[in-house]
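For reference, chains read A, B, C and D in written order, and residue numbers begin at 1 within each chain.
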Amino acid sequence: MRIEDALLRAQQAAEPEVGRGQLATYIPSLASVDPGQFGMAIASCDGSVHVVGDADVRFSVQSITKVFTLAQVVAAEGEQIWTRVGREPSGNPFNSFLQLDQEAGRPRNPFINAGALVVTDRLQSLTGDASGALRDLMRRESGSDDVDIDAAVARSELEAGHRTFAMAHLLASYGNLEHPVDEVIGQYVAQCSLAMSCRELALAGLFLARDGVLSDGTQLLSPRETKRINAVMLTCGTYDSAGEFAYRVGLPAKSGVGGGILAVIPDRGVACVWSPALGSSGSSAAGLAALDAFTTYSDWTVF
Amino acid sequence: MRIEDALLRAQQAAEPEVGRGQLATYIPSLASVDPGQFGMAIASCDGSVHVVGDADVRFSVQSITKVFTLAQVVAAEGEQIWTRVGREPSGNPFNSFLQLDQEAGRPRNPFINAGALVVTDRLQSLTGDASGALRDLMRRESGSDDVDIDAAVARSELEAGHRTFAMAHLLASYGNLEHPVDEVIGQYVAQCSLAMSCRELALAGLFLARDGVLSDGTQLLSPRETKRINAVMLTCGTYDSAGEFAYRVGLPAKSGVGGGILAVIPDRGVACVWSPALGSSGSSAAGLAALDAFTTYSDWTVF
Amino acid sequence: MRIEDALLRAQQAAEPEVGRGQLATYIPSLASVDPGQFGMAIASCDGSVHVVGDADVRFSVQSITKVFTLAQVVAAEGEQIWTRVGREPSGNPFNSFLQLDQEAGRPRNPFINAGALVVTDRLQSLTGDASGALRDLMRRESGSDDVDIDAAVARSELEAGHRTFAMAHLLASYGNLEHPVDEVIGQYVAQCSLAMSCRELALAGLFLARDGVLSDGTQLLSPRETKRINAVMLTCGTYDSAGEFAYRVGLPAKSGVGGGILAVIPDRGVACVWSPALGSSGSSAAGLAALDAFTTYSDWTVF
Amino acid sequence: MRIEDALLRAQQAAEPEVGRGQLATYIPSLASVDPGQFGMAIASCDGSVHVVGDADVRFSVQSITKVFTLAQVVAAEGEQIWTRVGREPSGNPFNSFLQLDQEAGRPRNPFINAGALVVTDRLQSLTGDASGALRDLMRRESGSDDVDIDAAVARSELEAGHRTFAMAHLLASYGNLEHPVDEVIGQYVAQCSLAMSCRELALAGLFLARDGVLSDGTQLLSPRETKRINAVMLTCGTYDSAGEFAYRVGLPAKSGVGGGILAVIPDRGVACVWSPALGSSGSSAAGLAALDAFTTYSDWTVF
């Protein structure tokens, strides 16, 4: 089936799920988003982009940024980050503090919050401005010069961020932060508060489907590094529903509490879907349905 | 690179690891295997088979059987088994009893022991002889009529099987076994004690790379079911090192404490590697090195 | 206040709680007991016994037996049992399998099921008939020659005993049972199925308030051993509500799912209360209220 | 045996343990204390005080303060605090974050760090200056007007306090702190940094042995409240070795990482022992040995 048609089917499959579920209420400014929105974009390796619905409405990227900061750190210094963070699924969300404590402050993987804090901390060391470096990458790859941090979301997250502070202090107690807790959290929250559309995110992630090659033809990551980041996404990208996600969608993907999901189809392209209401697993319910249908109809899957 | 050459490279890469690590000492009859052995076989979807080393020596298949019994249950009645067993990574081996208890007797996935007991229990209901049904499938697909259960290994496992009995009784306490504990364990231990060579196992698993089509052209699983079993293998097939395995090898795979690993490359073929000494994660250390090298040189990977 | 009066006050305080809560439904023959019953007996060190309500109705002693088998093992060989079982509160009921597994098969304390199985196993080694030895002690101390095991309860428990079997097999997997699982469980279930009245149990436990001296004046335990068993009862005797129980009642005590609670007031006497309906903590709700009131009015407390 | 003699025996029993074990290295200024010191004081309800060794050397009171702040909160408003903190043993130190998270931010008991933070937070609401209120109580009851906070210890703790900050932020994320994290931790660290001698602490705690009556004859706590605080001390006062402590010593007690232990013998008096080196359970090894011997020789025990 042609991409355009698979995309329409995906939209239809998602429709009953749009608006069902919960908004991420713990971040006040995300709780006021209209839950009835849905958008999806497919950026192909050949350069074409197809979209449906609200694919040009910007939303809060949140945890999807974790893939990009990881890519930047690996690009800068290779495998070194793995001494400070693991790459195994965490199994249980409620275990996060327990695991971090039992495993001597080394987070299970770079996509749980503790791991992402470590990656941001390292990117801060490498660049002096982690969230700025991320924003610049996003602007270049999406082709949108005005991609930026939503300051209201950032402020709102910082105020509601006691769990994040708790996690960062626990990391610091094990010596796994290079910068002060406040600085790391400031960068982390700024990073998560980036606002982008499905189209922009799909374009920005295209290097993950192209063996690491950026839009200008330069190599951000080696093919091997790219494959490995995709592998970590598949096993750890959707938290404790990574198994379910792999089962239904079968693609490396990263979700965020803003309702976005980025999925990579190696050598083919990148899908980005967005709908704000979250299912029980913390990923967009409509987004999951859309990707499930898209992979079924397009046969873009890794298995 | 040609398969033959990639296979030789894999053998070379594995060589320093052969014999390093631990034999599975908790099953006495596995503890006496010569740890210096190494074999590997690639069965391609086009029907060709390439082998190196001890690829025709039979070893104890153990947990690799779990993929095949799951396939048989799904083939017989579709998705029903998922009401009794989940498909998420378990996160931590030591959590196995805790998780099973907290999650009301529903094992995390079909590849941890508790989950495999449930699958075997269901296969027993469907066939009246779970281990016999498995053996028959293995004989047909491998083309070896004398594939059989190693009675000494089975006896040895039964005697050392207090943990397995504990797990089965815990399942039974939640009503998640249809047959008496002794019967389920008898079938389970027989199933695990199957002895096969790399060549035989690679051939037997070929349907997983061929959208569910068996050697005689009939369909055991639908393409969708096949993809899904591959997805569960990728996220859960190598226990608590599934993330590491995906990172290094990037293929759906299932390991066993006999030292075998079966890996599926969709639409291309199946790799089976064997070397008895186990690394810290409970999978063959030499096998992991061989698969890592093979995917690198052959570019047979899903990412 | 005189004991008689404190006992009446205790009965009044318990009245609203009688019949409230759950019967122990997992043992079928306990589920059919009339939940409206309530009895209480105080045996004083001076030899007098005071009773109210159904103090002469026999009920299933269940876990209260664990104090007596522990006393018998300590009497026979002193502190040796502590190499195989700990004496710390377990913190969480749902952790029982996890803790046992993480702590290499050494149960937290002798009053959780895993610990009691180890004690029974040891008593079996020391006597050749653990439940018989217990029954004999109970008969002698209570002065009732017809105290006996309720065979229907025992049978009923054995059939519903998958969790107990799971626990025993896990102990066995760590080499912490001297006898076969079936034998230990047979003895354990027989022991728990003993039927006694409040009056009989209070008399049987009197040695715990008398520095270890039995009814015939002989010494079962040294004063130091007696104090120590009392201490373990206070910290571990009522499972995960030991803290709450100490807070409200302030006495060493052991409860059972049959609805009985035995409480020791050193140098003064022993209280035994019974009412079948269990509160959320698994101890008799009316029994807890009665003991709370009794200690308040009698000033028989250790703090 | 007379108190003086029992005290000498206690000192003798402790001698081989003095200096054995670890200093609390995570607080730099505690790590430089001379580990060879040992002191003990017994304050009797009749007003007499007996001492041996370094009983007049001040040390860092640390967690022993948690009993006093709890007493002050209960004195001010009764049982209300128990809606925000439990009174069950926690079972496992490493579980502290897990339990707090699973139990919705309600700490297990007031003597683990999370619980003590909640008590201090409440005392801050009740007094406007929690650590000042505590210091005043300590001065009055010990009769030493110059009892004060050791500012160097407080500073040192604050700098090393990432775990405490993590815990406080986790409490705050569940809405279980009334004041800002920084304010609560400031008060908490000041409170812990109080420096007092064995003699002073024994006198200060005497109300716990006297049914709540202070040195000036006024009632801080009711007899019932006093008994209950003693009960919580017995089950929870020495962390995950509460069972062991009850078994060996048999008294309500609270230990601190400064090496002090306060033990209450209801209606008789209070013992305070100090020696800086800590055993594996985090309580003073020599202190534990001294109390064990003292209760054996004096027969001052609750069991």
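To be clear about the criterion, a residue touches a chain if its C-beta (ideal position, glycine included) is under 8 Å from a C-beta of that chain, and two chains touch if they have at least 3 such contacts.
Chain-to-protein mapping (UniProt): A, B, C, D = Glutaminase.
In this text, all values refer to a predicted model and were calculated from it rather than measured experimentally.
Chains that touch both chain B and chain C: there are none.
The chain with its C-alpha centre at the largest distance from the centre of chain C is A. Between chain A and chain B the centroid-to-centroid distance comes to 32 Å (mean Cα coordinates, whole Å). Taking the mean of the C-alpha atoms as each chain's centre, chain B and chain D sit 55 Å apart. Between chain A and chain D the centroid-to-centroid distance comes to 47 Å (mean Cα coordinates, whole Å). Along chain C, residues 95 each make contact with two or more other chains. Interfaces, counted as pairs of touching chains, are A-B, A-D, B-C, C-D. Contact residues on chain A toward chain D in their complex (touch as defined above): 94-98, 100-102, 162-163, 165-170, 172-173, 181.
For chain A in complex with chain B, the residues that touch the partner chain are 86-92, 95, 99, 108-109, 224, 226-228, 230-232, 234-236, 240-244, 246-248, 250, 252, 266, 296, 301-303.
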